[in-house]
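As written, the chain order gives the labels A, B, C and D, with residue 1 at the start of each chain.
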Amino acid sequence: MSKDIKRERIAKRVGMELADGMVVNLGIGMPTLVANYLPAGADVLFQSENGFVGLGPVPETGTEDRDTTNAGGQPVTIMPGGACFDSAMSFAIIRGGHVDVTVLGALEVDAHGNLANWMVPGKIVPGMGGAMDLTVGARKVIVAMEHTAKGAPKILPECTLPLTAKGQVDLIVTDMAVIRVTPAGLVLQEIAPDTTIEAVVAATGAKLTIRDVSVMPY
Amino acid sequence: MSKDIKRERIAKRVGMELADGMVVNLGIGMPTLVANYLPAGADVLFQSENGFVGLGPVPETGTEDRDTTNAGGQPVTIMPGGACFDSAMSFAIIRGGHVDVTVLGALEVDAHGNLANWMVPGKIVPGMGGAMDLTVGARKVIVAMEHTAKGAPKILPECTLPLTAKGQVDLIVTDMAVIRVTPAGLVLQEIAPDTTIEAVVAATGAKLTIRDVSVMPY
Amino acid sequence: MKNKITSASEALATLQDGMTVMIGGFLCVGTPEGLVDEVLQKGIRELTVIGNDTGFPDKGIGRLIVAKRVKKAVASHIGTNPETGRQMHAGETEVVLVPQGTLAEQVRAAGAGLGGVLTPTGVGTVVEEGKQKLIIDGREFLLEQPLAADFALIKAHKADEKGNLVYRRAARNFNPLMAMAAKVVVAEVEEIVPVGAIDPDEVMTPGLFITHIVRA
Amino acid sequence: MKNKITSASEALATLQDGMTVMIGGFLCVGTPEGLVDEVLQKGIRELTVIGNDTGFPDKGIGRLIVAKRVKKAVASHIGTNPETGRQMHAGETEVVLVPQGTLAEQVRAAGAGLGGVLTPTGVGTVVEEGKQKLIIDGREFLLEQPLAADFALIKAHKADEKGNLVYRRAARNFNPLMAMAAKVVVAEVEEIVPVGAIDPDEVMTPGLFITHIVRA
């Protein structure tokens, strides 16, 4: 399966977690695709941590506004009914529990809901940006990522990389499965139509509770 | 001397402490009179802790705007170049040291620069409003008050009433004298033209250092 | 999306005796008097009310005090409503007096998900009683904890249909802070405009904070 | 009153080697590039720079990094400027990474006269190292202290002659916060209008915070 098709599947499945009226922050990269797969009729308000709500689609070439960019610096649009604010207000919204769902990528996620996605010591240290605030502050934290890194499990018993946040992840959506984080550990909720429970277990470093597993619609 | 003439004298003398470009907060009551006695040509920006800078004169009858009031609830005006904000910003300005001078009344002030002006236990307890923040935050705190309460000293060795702030008063301006608060105690700087050093000392409960005393111009 | 525009009665349908309610305004400038009417009419009692002041006997929070609906009042100033002082001295109503800037930060902290702020205000006064004191760079500060509420009743000049708010002049005061700090936020507004009629740069309170919009 | 409108060169006349400088912007959106030019031209070195990120090698704070003018960088993100990471790993430049929301509150705290704020962000991560941890209502928080600066170099869309500022869209970001937190605040603006041309309700940063206004 191509990387693009994997990404599309993940984005579509995450989209099902969103509902009308929600305030949602999508991380840089693949999570931004989720905006293309909202439930029918759902009016979702996207927050951009660089300072506004009402994040809309990429503008047509030639109509870009240099002051209207997303948290990745790309030109975007602001929908009617949007609102701009400074960074203190942006993170008051995030930290204060006013964001319903945040969707982030991960390098590693573990059985305790720990997330590591901001640095690899001695190699890449991009910084945490807003990720630490988003994971602590959002009501629901969804990790959206490929199930493995070239075959190596990214879902582990314990994260080995420096954490972004401790025990904050609620749901993991990958190209192979949907996994819930519970106080008792990880619960396999759905598997992809083109895989098996055995294959998911083999590709997962942490123990999965397996009961009433259904098939992902995408 | 009538109460009005006393108040006018105090306000005029406090006005001499203000200078071009300063940000100034005037307490409710007598301190508001200071706005009438600015140094010639001085452009002073008045802050109103209920949420704006650029506090201007009382509007003509019939032109009042119900949303434009001072911290005492009276109708006022906002000068061109003024700015409105919420209470968090208002007190960020005050607490953050962005107000150059605050002028407040007092029930008692003492030799350590302590101020009591917000309650008399068991009798009147109006509350501190913004006074505690103003005294802690403003760069210079001027107490403007009548020298005595019906003859009883208000300037004491130690305040007896609950404090508004500890050690924050810089200058005391009364109808009888101008007194500086220093680490070594109170220094008599000026006396009114119609009094004597002896009379000031007699009307003051705290010890005054007396050296190079001049006469108040008002 | 759900229509946020409703009546005062529907907006306060889930308000109950004993709840904590923030009410915006500064000496009743920027106070939602229509929502106060509704609280009175519903017969709600035993409220904890948080506001800058307790208004006047016939205006704002003062009306709730006079009608004996308030168990506890948290405010920076009660001087304009003698009935608050009388009830306090008679032991009928608990009154907690808080410096105005501290009150603003406590409400903001609740809305912003902070566990508290350190302020120099009140050090060396009765305000420090019972509070943790920390020394930062040799200076004393009080640890002031967040103040949250079940309901915030606020007033704005203008709202769009999503609840984006614009305030006017000194009527802004505590309203934008309280909008962030309560489970249910009801905005009483003088004018309702269509979505898109307020430029995103002019919005003072983003609509995401607002549960119900009620016409003044 | 003193005329605040001046040249970049005069506005930065007192900027010296070793000072702490805040620079507004988010990935260079809302960054005062003209003031960065002037810092480079003046040959200032050994700066401590505080900003959301370190821009790009050819833009914003990134240009100061590449030109080796920065001794220490405090930012939430350095990923868009590989040279920052290289200098950090080579031990040439000290880099302090701070969660974005924490950075915003630290700058605000300095401007607002707070001794610090308690945030849940970073608990259980390397961010908590060396910091005081407090438990409020059973939840852990980190005590984050204020961040102040000698200079703040900010960018706004519009200023009046008193320095009242209006920002546009996502170019607001850290600029209003930094405007509160430095001894000297220089605003680079695209348009200067007469006093009175900006309605008091539309002002986003009151002019009292602004020392100098420089035309972009």
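Brief remarks follow.
The rule is simple: contacts are C-beta pairs under 8 Å (C-beta built on N, C-alpha and C of every residue); 3 or more make two chains touch, one makes a residue touch a chain.
Keep in mind that what you see is a predicted model, and the values were worked out from it rather than measured.
Between chain A and chain B, the least number of touching-chain steps is 2. Counting C-beta pairs in contact, the pair that comes out ahead of the other among B-C and B-D is B-C.
Across the assembly, the mean Cα position most removed from that of chain A is the one of B. Centre-to-centre separation of chain B and chain C, using mean CA positions: 29 Å.
Mean C-alpha positions place chain C and chain D at a centre distance of 32 Å. Mean C-alpha positions place chain A and chain C at a centre distance of 35 Å. Residue positions of chain B touching 2 or more other chains: 52, 78, 84-85, 88, 91, 94-95, 136-137. Residue positions of chain D touching 2 or more other chains, listed in rising order: 105, 108, 112-114, 119-120, 167-169, 200-201.
Chain pairs recorded as touching, per the definition above, are A-C, A-D, B-C, B-D, C-D. Put simply, chain C touches chain A in their complex at residues 1-2, 108, 110-114, 160-162, 164, 180, 195-196, 200-201, 203, 206-209.
Of all residues in chain B, those touching chain D in their complex are 20-21, 23, 43, 45, 47, 52-54, 78, 80-85, 88-89, 91-98, 136-137. Chain D meets chain A in the complex at residues 26-30, 52-53, 75-80, 85, 88-89, 95, 97, 99-105, 108, 119-127, 157, 167-177, 204.
Residues 48-52, 65-69, 71-73, 78, 84-88, 90-91, 94-95, 114, 122, 124-133, 136-137, 162-167 of chain A are the ones that touch chain D when the two sit in their complex. Chain contact summary for the complex, chain C toward chain D: residues 105, 109, 112-120, 132, 134, 136-137, 139, 141, 143, 145, 166-169, 200-202.
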